[in-house]
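The two complexes that follow have subunit A in common; it is paired with subunit B in the first and with subunit C in the second.
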Partner chain A sequence: MQETQQVQYNRAGQRVVSPDYLLFEAPREKQFMTGSEVVKEAVKRASVDASVSYPITPQSEAAHLIGELWVEGYVGVYFRGESEFGVMSEVAGCAMAGGRTITTTSGPGTLRAMENFPMWAGSRLPLQLVLMARGVNSPLTIQPDNLEISFLLDTGCMVWHAENAQELFEMILAGFVVAEQPDVHVPVITAIDGFFISHTREAVMLPPDDIALPPYDPYKAPMPPIDMEMAPGRFLRDPYVMKSNYISYASHTSWQFEVRSAIERSRPYAKHYLRGLIEEFGNPEAEVVLIASGTAGAQAKEAAIILSEDEGVPTRVIRLKTIRPFPGEEILQALRNAKYVFVPEFNVIGWLEREVRRVLYGKTDVPIVGSPRVAGGMTMPPEVIVKEVLKTLGKEAKHVI
Partner chain B sequence: MSYEIFKINEELKEFMPQEIVDLEEKATWGNPKRGVMDLPYAKELVEEHSLCAGCPESAAFRYILASLPNPEETIIVNSTGCTSLVFPHIALHTVHSLFGNQNAIASGIKRTLEWRFPDKVKDVVVLAGDGATVDIGLDCTLQSFFRQEKITTICFDNEVYANTGGQESGMTVKGQVFKMAPKGKQFDKVPMWQLAIDSGCHYVVRMTVSSPKKVEKVIKQAIYVAREVGPTYIHLYTPCILEIGLNADQGLWEMRQTDKERFKFFEYMTDEAKEVIKRKKEEGLI
Partner chain C sequence: MNRRRVNVRMPAIGGQGAVTAAHIIATAADYEGYYAVSNPFFGAEKRMAPAESYARIGLEPIYDRGEVVYPDVIMVFHPQVITMGKSYTMPFYSGIKRKGLIIINSEEDLLEEHDKEYLDSLDVKVLNFSATKFAMEVAGTELATNMAMLGAFFGATQLVGKEAIEEGIKARFLKKFVASGGTASLDSAIERKFKKKLELIEKNIATANAAYDFAQKWAQEQGLEPFLAKPQKVSG
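Here is the complex of A and B:
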């Protein structure tokens, strides 16, 4: 007799499929939607237990749409919290209680919530924060700017940076899968550049919405869920503050290293589900290399085409998908014969340039140019990148500019 | 899962520390009538404490833990402060995350447990100091009341930031000289029990922990009402004997003094709460 396969359904009545099937194999259909709408589509297929929200532009719409999913029965718990500080603690509670949990925020909201992020990581919660980056208040702005990503890099959370709505969709689903691996089990921040992705409509390819990720199993977690369904764990009984001695100091130190190691252990999973931690674009022999992430990656690709085809300067792009873990080895390998590296960014401080310099220090003598940088709502037309490259190379622009 | 989780694998039993074996064999599980009268006989759910000798918070802990009607399904959320040093010694699932976010954490836990276990009753109890509840955490505290979260919040009011060395808190009485109030506190003690009523709590009590039986009754009532109706709030005076210069054996005396004045027993309940309490009394559970 043939073996019958057990078909499983989640609590929303969707058929449970493997992450690989959902991400790589399921048939896809073309839709035309905003990044915020894409968040809804991803959450709808992610068997999410809980979400808590708070309004701030540009993430509000995504949070409203998760609320609609709650009304429709796709999300178990949903409400508006009192502030981002409250919300990030509320979602921590949801995750501690064993729920697959997601929330969204932007700019000042991220900073208001800040104390929570290292706590999430230290508590090993596989929470997901969809970060729709915007400027922070110096002074008030609601415009696109991704300075805030810099503040999140050392919180112990994974940080991924999507280039477009399609990649955001894949990253939200992959984010849960990677974050929930028992040997990873740290939060994931899936970042996009607000407005550019959240508020613009683009074509996206989506799998059917009657299939979904397998539900989260909190009993596979390295830390017991707070639900009184299993004996209280040793961690609960022995926090490090309790003992002022070398064992306590050493164990707190090693716990912090362990959280960072967990991020490192996410590499193979992220590589698989994101199809690589980096994307290489353009002529592999080109000596001018643009390293970028997020929408700066998309603009860099346009610039590389102009430089290569119109200006006679063969240029290629290394686009980073993950910032934590940082794909240092991948960048080093991809650099090959590079003669110049440029790092275009949507913020004034150049956090990506800093990261690139850090991993390349002592390993290559290729000059690294932390430019161009735009911020506070400015766009970065590809011509700005083209101009920067030509100026550095001492060349005259032949065409566009 | 119930108290089955405290059962030890027979083959491993000989290697387990006595206090863990005692938890299985001598603690009161599965009996909602458990209470402070069990204290001399049963294994307590708090193993030891790291508070100052004679700190009334330690008595409060013991009474509260002995009074939980459903410990095998109770989650305790705490905050930073003297009390946070005790939680690792509690044999239940407890959370410490940040200072002042305890009611937000508890809200997330309660709602998610309701979603994950629709057929079970899981009680969520917050235990935090006055600084955590009324000062830095006031927003999260009151907002959880506004939202009608079904949790019980217990404030250990020692009228000071004890853990950081004795600074003035919102609960310090006017005129009291503490660190950061070198000229004496300039404004009145915050009437937190009144704020709790105005913010939607269904059962509110202010008291000292001088009388264990009374504490038991109040804790049970608060938990039963929170389970069925909405937020409940208990404000306990647990004086910091260290910061007010009392000896280890003077905590009870101090509480008895205040029993007659600013911590005179005060109880408030809504009609819905009354109904629950009446029913639980009829069932013999209070």
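Here is the complex of A and C:
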């Protein structure tokens, strides 16, 4: 048979292009938009089959906009769930049925749905959750506190943390590509600090909207959808459980290790599509290092500029793009001549400080200062980081404020 | 004074369009070639309750996010911000930087002696002007108060010219964008009032321009220099 070159189109009539072309090569145009609007732009170019939504501040606009894409024919199935628990169960069903699936939530919604996240991972569903972090404590706050991210670190999902709307756009597209790799095939949570990204309007560079990712091919999944008839689910079903708890223990344990291994296997793909698991910012010789992710990374960059240029304290930033997998080796290499490490965070417990200490334990003598830290969604002006660094170094502020 | 960045805080009360003003200010600055970001205060705003928005304009990329704690410019959209303390910060000028600027939508002088002493010590200039009166006279509705405020901001700071302001206003009202339910209903109310969207845009631009001229003249009298150097290259 004669071969002809095939140009493929997805359901919405968009030309299918390679992930590399979409992310790195396609021409881009500047738009001025919010993070919520950027979610729509990313989903529009992602050949998404299904999305289920439930309103909660600050992710409601993004969820609403994915609904508009369904009206416009870019998303196959879209409906509102009964609650976040319902949503996270329903998207699991969509993914089990072989659809590329995305949803969004925030804060208390995340906690309400919590049971489902380890279920997604154990079921090896390459789902995507766009998490717009907001406070979860009482008294109530709707503001961008990211404590909830720490609750998700051990669910078996990949967790990425975007700094701004541009990076959120790239991460949503890359998220599907990495999560759907046959040797990965676990969910990805693309997190941002709510409001700081979702409701902030800034310049973003977008590729044309008549091209899109190749559709998800469920036949490339490493295994059929897990249900109670299919291993390892089958192993947990009556005859085994009834006859030997040990078989149940063993299959559960090995499967949990396998899910974590799958996250580790995502490293080379994430490194390629995110252009590295970390970003180094500022004078590479600087001895003061700020380690941060998400909006704290953005604030740290501003602080590094002020410290280096106005206060005479050369400072640099190691910004983490992925939290799961955790870029421990990358951090250790990037530390080089560091004399001080600060970990500024937007939560009360300092989960990133904990992670940093864990990977650096016994490998470096550099003091790690888990500060400054703000919570409840309070903003963290770069001046606060500057003051903290100067105080620790025993220096007087020359220019701050 | 060599600024790299102008941070603007806009205390207002709900319904006055401070979020829209921040949006247009950032869009206009972006058009002019600056780096620019805008965001609202994140809360449950409602009519007549405190509402606040922010814009950041810079010569270099802007990473900073969230509320502006240390502003170069404060735009007070309503006298009640001062007289009734409808402000997220007390006093409303908390955190103002040296050689800063405060624009107050009031013809009356609402500041106490101790306020003036403090602001003088930081060499902060205060412009009292009735943006609402400008809006009533030029656009025929107080709903254009935010346009007068943003016109005065650019007139006094000399960051962008009228062309960029026009572009900012057109982008806000012609391009489809997402607004909260409350903002969407205000938009439709104002559209009915003007019958036609284009008329709305024209009147908004005229209001902003009138306030721009007024504030530019004031800034010249005060000997104010432009708040930032001209952008070297178009961002993005």
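We take it that the second predicted complex is superposed on the first by the 374 of 401 C-alpha atoms of A that agree within 3 Å, B and C clash if a C-alpha of one lies under 4 Å from a C-alpha of the other, contacts with A are read in each partner's own complex, and residues count from 1 in each chain.
Everything that follows uses one rule, which is that a residue touches a chain if its C-beta (ideal position, glycine included) is under 8 Å from a C-beta of that chain, and two chains touch if they have at least 3 such contacts.
Given the structure is predicted, the values throughout are model-derived calculations rather than measurements.
Trainee: Determine, under the contact definition given at the top, whether A:Leu390 touches first (subunit B), second (subunit C), both, or neither.
Mentor: A:Leu390 sits against neither subunit B nor subunit C.
Trainee: Output check: A:Cys94 vs subunit B and subunit C. Expected answer is one of first, second, both, neither. What do you get?
Mentor: In the superposition, A:Cys94 touches subunit B alone.
Trainee: Looking at the overlay, what does A:Glu115 touch: subunit B (first), subunit C (second), both, or neither?
Mentor: Only subunit B; A:Glu115 stays clear of subunit C.
Trainee: Is A:Ala334 in contact with subunit B, with subunit C, with both, or with neither (first, second, both, neither)?
Mentor: After superposition on chain A, A:Ala334 lies in contact with neither partner.
Trainee: Which of the two partners, first being subunit B and second being subunit C, lies in contact with A:His199: first, second, both, or neither?
Mentor: It touches subunit C, and subunit B stays clear.
Trainee: Which subunit A residues lie in the overlap of the subunit B contact set and the subunit C contact set?
Mentor: none
Trainee: Residue numbers of subunit A touching subunit C in their complex, please.
Mentor: Listed in rising order, the residues of subunit A that touch subunit C are 30, 32-34, 36-37, 58, 61, 64-65, 142-144, 163-164, 193-197, 199-203, 205, 295, 298-299, 301-302, 305, 377, 379-383, 401.
Trainee: Using the touch definition from the top, list the residues of subunit C that touch subunit A in their complex.
Mentor: 23, 26-27, 30, 35-40, 42-44, 60, 62-67, 69-70, 95, 97, 171, 177-178, 235-236
Trainee: Under the touch definition given earlier, write down the residues of subunit B that touch subunit A in their complex.
Mentor: Subunit B reaches subunit A through residues 1, 5-6, 50, 72-75, 77, 84-85, 87-98, 101, 104-117, 122, 139-140, 143, 147.
Trainee: What does subunit A use to touch subunit B in their complex?
Mentor: Interface residues on subunit A, with respect to subunit B: 49-50, 52, 76-77, 79, 81-83, 85-87, 89-99, 101, 115-116, 119, 123, 224, 226-232, 236-239, 241-242.
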